[in-house]
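Below, each structure is written out as structure tokens.
In what follows, subunit A forms one complex with subunit B and a second complex with subunit C.
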Partner chain A sequence: MQKSFFRKTIEIIIFTVFIFFLFAPLLSLGIWSVALRWYWPHTLPQKIGFDYWLQALGITKSLTLGAVNVVPAFLLSLGIAIIVVIITMAIAIPAGYALAKLKIPALLKGIILILFLLPRAFPQQPVFLNLMLMFNKIGLTGTVLGVIFVHIVVGLVFAVWITASTFSSIPPELEEAARSVGATRLKAFFKVTLPISTPGLIASAVFVFLTSMDEFTGTFFVGLPFVTTLPMTLYSASGSNIQFASVIAILLLIPSILFMIVIQKFLKAEHLGGMGG
Partner chain B sequence: MANLKVNNLNKNFGKVKAVQEVSFEAPEGKVLSLLGPSGCGKTTTLRCIAGFENPDRGEIYLDDRKITTIPPEKRGIGMVFQNYALWPHMTVYGNLAFGLQIRKVPKNEIIKKIKKVLGMVQLEGYENRYPRQMSGGQQQRIAMARALVFEPGIMLLDEPLSNLDAQLREEMRFEFTELQKKLGITAVYVTHDQAEALVISDKIVILDQGKMVQFGTPKEIYSNPKNKFVAGFIAVTSFIDGRIDSFIEGKKKVIVKTDDGLVIHGFDNSFDIGQKVSVAMRMNAVKFIQDENKSDKSTANIFKGKIIQSSYLGNTIDYKIRMGKWEIRTNAEAKYDFKLGEEVAFHLPPEDIIVTREE
Partner chain C sequence: MGNNLKNELAVGKNEIGVGVERPHSYTNILPYILVFPAVMVILLLYLYPFLASFWKSFISKEGVLSLANYEKTLRIYRYDILFTLGVTVLSTFIATVASIFVAVYLRLSKGWLSNSVGILYRLPIFLPFVVIAQMMRSFLAPHGVLNLFLAKLNLIDIENPLQLFNWVGLTFGFVWKEAPFMILIICGGFQMIDDSYIEAARSVGAKLPQIITKILIPMNKPTILIAVTLVFCSLVGCFSFPYMLIGGKSPVTITVDIAHRVNYFGDYGVANALGVFSYIMVSLLALYYVRSMMKKGLYD
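What follows is the complex of A and B.
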């Protein structure tokens, strides 16, 4: 009894601290996004309103607030993210399946996984700077295509990793059973393995989507100044206008929160386990 | 129904020789067991037959069709897996219908066939259950139904009962045998449980380290194990190693001498003089002699030993007897109530012991 009370207290303290660290910055963003006038030493803004929200979403066009309109950037980011998800998953599903289910020698498997991991193993700036120099030669810098390519490179790491572990968490007998009753390898994949892996694959796709929505460094080197995604807009706004920056930051948070809900619903721990296999 | 023939099967995994020169024939409509300890190559052999492994050498024939390199889906072999391998996202109906849908069986026919096969495994009306809503025993039956519903000529079973509790396992053994006899299907059954193999099989293949050690009926293997390994696997609990000293009774019997001077009479099994052999005894081989003077006329195979361990089991008592450097285990009636350390005299009737090759 004594012990459980003690434990409960500790749990509550940890939970409170956790909540504070998680929500305090979010709360601050929320307040900033509606602060019309907020001078030191006031704890709360003296004047609040949704002016910056309306301006950012393109509903009002006030010259005094500045001309930041995040809607085109949001749509661009969304479009890029959707294309990136489709292409990345089209590569990651067969690659993950091959890594998890086909008889590949352990050494070769390791090499392939490291190759996918390599772009993330080095500091990002030199990698993308180098990529920019390469893209310059073939005219991909400043194009949406170039940005999509960069996002795929970044997203593929997670996508292959998660799909491979999802597939390897499925007992091989399930596919073998399908083949024993007459299904070809392809049919066994589409009727048995794929439906069972759906939760893991959805999680993987959501992850790729979020990575693309948030991607900064690569887009900065390859995309600017012609391709301005949402994080680019956030970057330029954060220097001059903290209210716009807060609005964009909140917009960027929405997919993350949706992601959390999806993860909660679909992703089971066993899909993340069994990675090495 | 089909006849399966395996010829000189070889399969290596890297440097591990999983299966070496295994040959046998599974007679039409009969049950053949592959029996051996884990790692003996029984599952690999089964997977080669199913088509999940490609043998390095050797052929597999189903009737007169060579199936060695045919992909599994074209072999027409039903398979029951150790962990059942039911598809969790499909109902029982979906699990059973899959193979039939691939074969383009019309829907009303599928419904009829599923009803029939569920009746056979005593799970009528379970069509809409998901695997997770059923007990282990029920899942096992569905796995069997799935392997039977498309009416293959042969079915393979990979330790299908090993995940069930002892009582259910025994029940399922009889149910399997009954079902198999009724359908007349050829079955290849992998198990490490000798009791299971003896009950269900018409023929048993004993494997050890990838090699076939013995092939015969359960009776042949039980009463005449080919060597010490097989004997040890088929319920033999004690061994005394020695050499063939001489023949008696017109070469019908042999005299085995151990290097510590024991002389044991047993039946011949085409041994040579001087050959290394092992005298194998089951739990019931030892006959205690309470009064030495009243012992039967033959003086052969009467020994003395000391009780070094006893376990009371109610109506019987398990004893471990030390005799020189050998230890013999026996299961005696409760009337033989010996104390630890007590000297006992006992008889090993030649018909109750088995003289077998040491290797």
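What follows is the complex of A and C.
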């Protein structure tokens, strides 16, 4: 009896420490985003309000040092992410289907798989650096198009994996049944395979969307200083104004958390590690 | 009449024969058509620049083949290379040990406490490093929330707060982000182990440490190794967090050095040599990862 009480106490103490370290950094971000005046070492800000939120969202004008209106950056990030999702999925769905369902000689398939594993295993920053040098020659550095290309590379690897694993989980008998009653391969795909795999494909698209919204390293090399996506404005606000930086950070983490809670059950655990490098 | 029918059948057969052959050849090239765009994107925008980083690391400023970049890299960044390796190994180690403990706890313990831990721990997985960087900047700052909290508890002197914008803060942020991901993967492995193994071990007198070291860990070795590999490799290549937390101060990770080399000196040779060092750091684990994924089948 006493032993179990002792164990419960230990469990609660560890639980409290766990909760503190998990949530205190988040809480710190939240408090800073509404702190108008916070002198060290007061426990809480002396003055709180949503002034920085209103300024960051462009609702009120601001003369504060380091003040940025994040709405254009948000719209730019959103636009890039939508284009990236459309192109990436249009490339990834056929590739994933072919890898999962169609006959490809073992050697060639092996090479393709290695090609899609390398970006996950090796650091990507030197690759972006050389991509920038490549883009310099053809005038893509500092353009939205260049940034879109970079985001496609980042998202495509995961998109191919996720779509391939979605398609391979569908029993081949279903498509065969459709074809045995006269459907063409194309018709069988659109009438049978595609509807069943919709949840997995949506999960994959959301994943690509989030990697694009959060992408930092590639945009840093290829996009700056002309293409300022939301993570880039966070980076530049970070050094100058902690309240603005906190507001942007919260704006960035909301979609991540919302979407991932919805789609995580459709994704394999290994893929989740690809979030936001 | 009979002949005619035969002829017609023969013609029909022939037509069917042709009809079969066409889709056949079409099916033969269909997979290649479908994978072609994806493979081209990766070849052009990933593999080519990836290989270029090796090649360019051997080209000196004068444009000749030499080891000058490596010589310079080792002279200036020797310490940063060791720093990167040290912080990554330390973070991966702490994250692994912590995540195994939490995963064991979640596997063996029932009740509302473990249930809520089992849901809440996932939060950091979904956050990008750039957000974590800003979060840790405000949390770990000399006048940040952590120092404030420790000062209120009288654990530190308020005039002398902890300086955490260095390897300590870096390790803290890395573990904060990656341990939950490892818990997720390792928990998945632990769920596969049937309760009967654990009960059998208990019935012959095995204590908790033995259950962990003799059953749970050995039976999940491949899963744990994959988790360690993915975390180690992504931490070596992590740029945004060290860049925003430590920035221009020294020592710093080589990803930050690469950015400085490019932005301030336009020195692509040394930047690429540093990149090759980061490849070498992950090479063993990366090869293990590629091999084990190939064996397992990428998506089965």
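Just so we're on the same page, the second predicted complex is superposed on the first by the 231 of 277 C-alpha atoms of A that agree within 3 Å, B and C clash if a C-alpha of one lies under 4 Å from a C-alpha of the other, contacts with A are read in each partner's own complex, and residues count from 1 in each chain.
Just so it is clear, a contact is a pair of C-beta atoms (placed from the backbone, for glycine too) under 8 Å apart; a residue touches a chain by one contact, two chains touch by 3 or more.
Worth saying up front: this structure is predicted, and the values here are computed from it rather than measured.
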When both partners are placed on the shared chain, which of subunit B and subunit C touches more of subunit A: C
Touched partner set for A:126, first subunit B, second subunit C, both or neither: second
Touched partner set for A:94, first subunit B, second subunit C, both or neither: second
Touched partner set for A:12, first subunit B, second subunit C, both or neither: second
Which of subunit B and subunit C A:191 touches, first, second, both or neither: first
Which superposed partner A:173 touches (first subunit B, second subunit C, both, neither): first
Touched partner set for A:181, first subunit B, second subunit C, both or neither: first
Doubly contacted subunit A residues - partners subunit C and subunit B: 185
For the subunit C and subunit A complex, residues of the former touching the latter: 23, 27, 30-35, 37-39, 41-43, 45-50, 52-53, 56, 109, 113, 117, 120-139, 143-146, 148-149, 151-152, 158, 176, 181, 184-185, 188, 226, 229-231, 233-234, 236-240, 243-244, 247, 255, 258-259, 262, 268, 271-272, 274-276, 278-279, 282, 285-287, 289-290, 293-294, 298-300
Subunit B residues touching subunit A - in the complex, by the definition given at the top: 50-52, 71-73, 76-79, 81-83, 85-89, 98-99, 102-103, 146-147, 150
Residues of subunit A defined as touching subunit B within the complex: 171, 173-174, 176-185, 187, 191-192, 195-196
Subunit C-touching residues of subunit A, taken from the complex the two chains share: 11-12, 15, 18-19, 21-22, 24-29, 31-32, 40-41, 43, 91-92, 94-95, 97-100, 102-104, 110, 112-134, 149-150, 152-153, 156-157, 160-161, 164-165, 168, 185, 214, 216-217, 220-221, 231, 234-235, 238-239, 242, 245-246, 248-249, 252-253, 256-257, 260-261, 264, 269-270, 272-273, 275-277
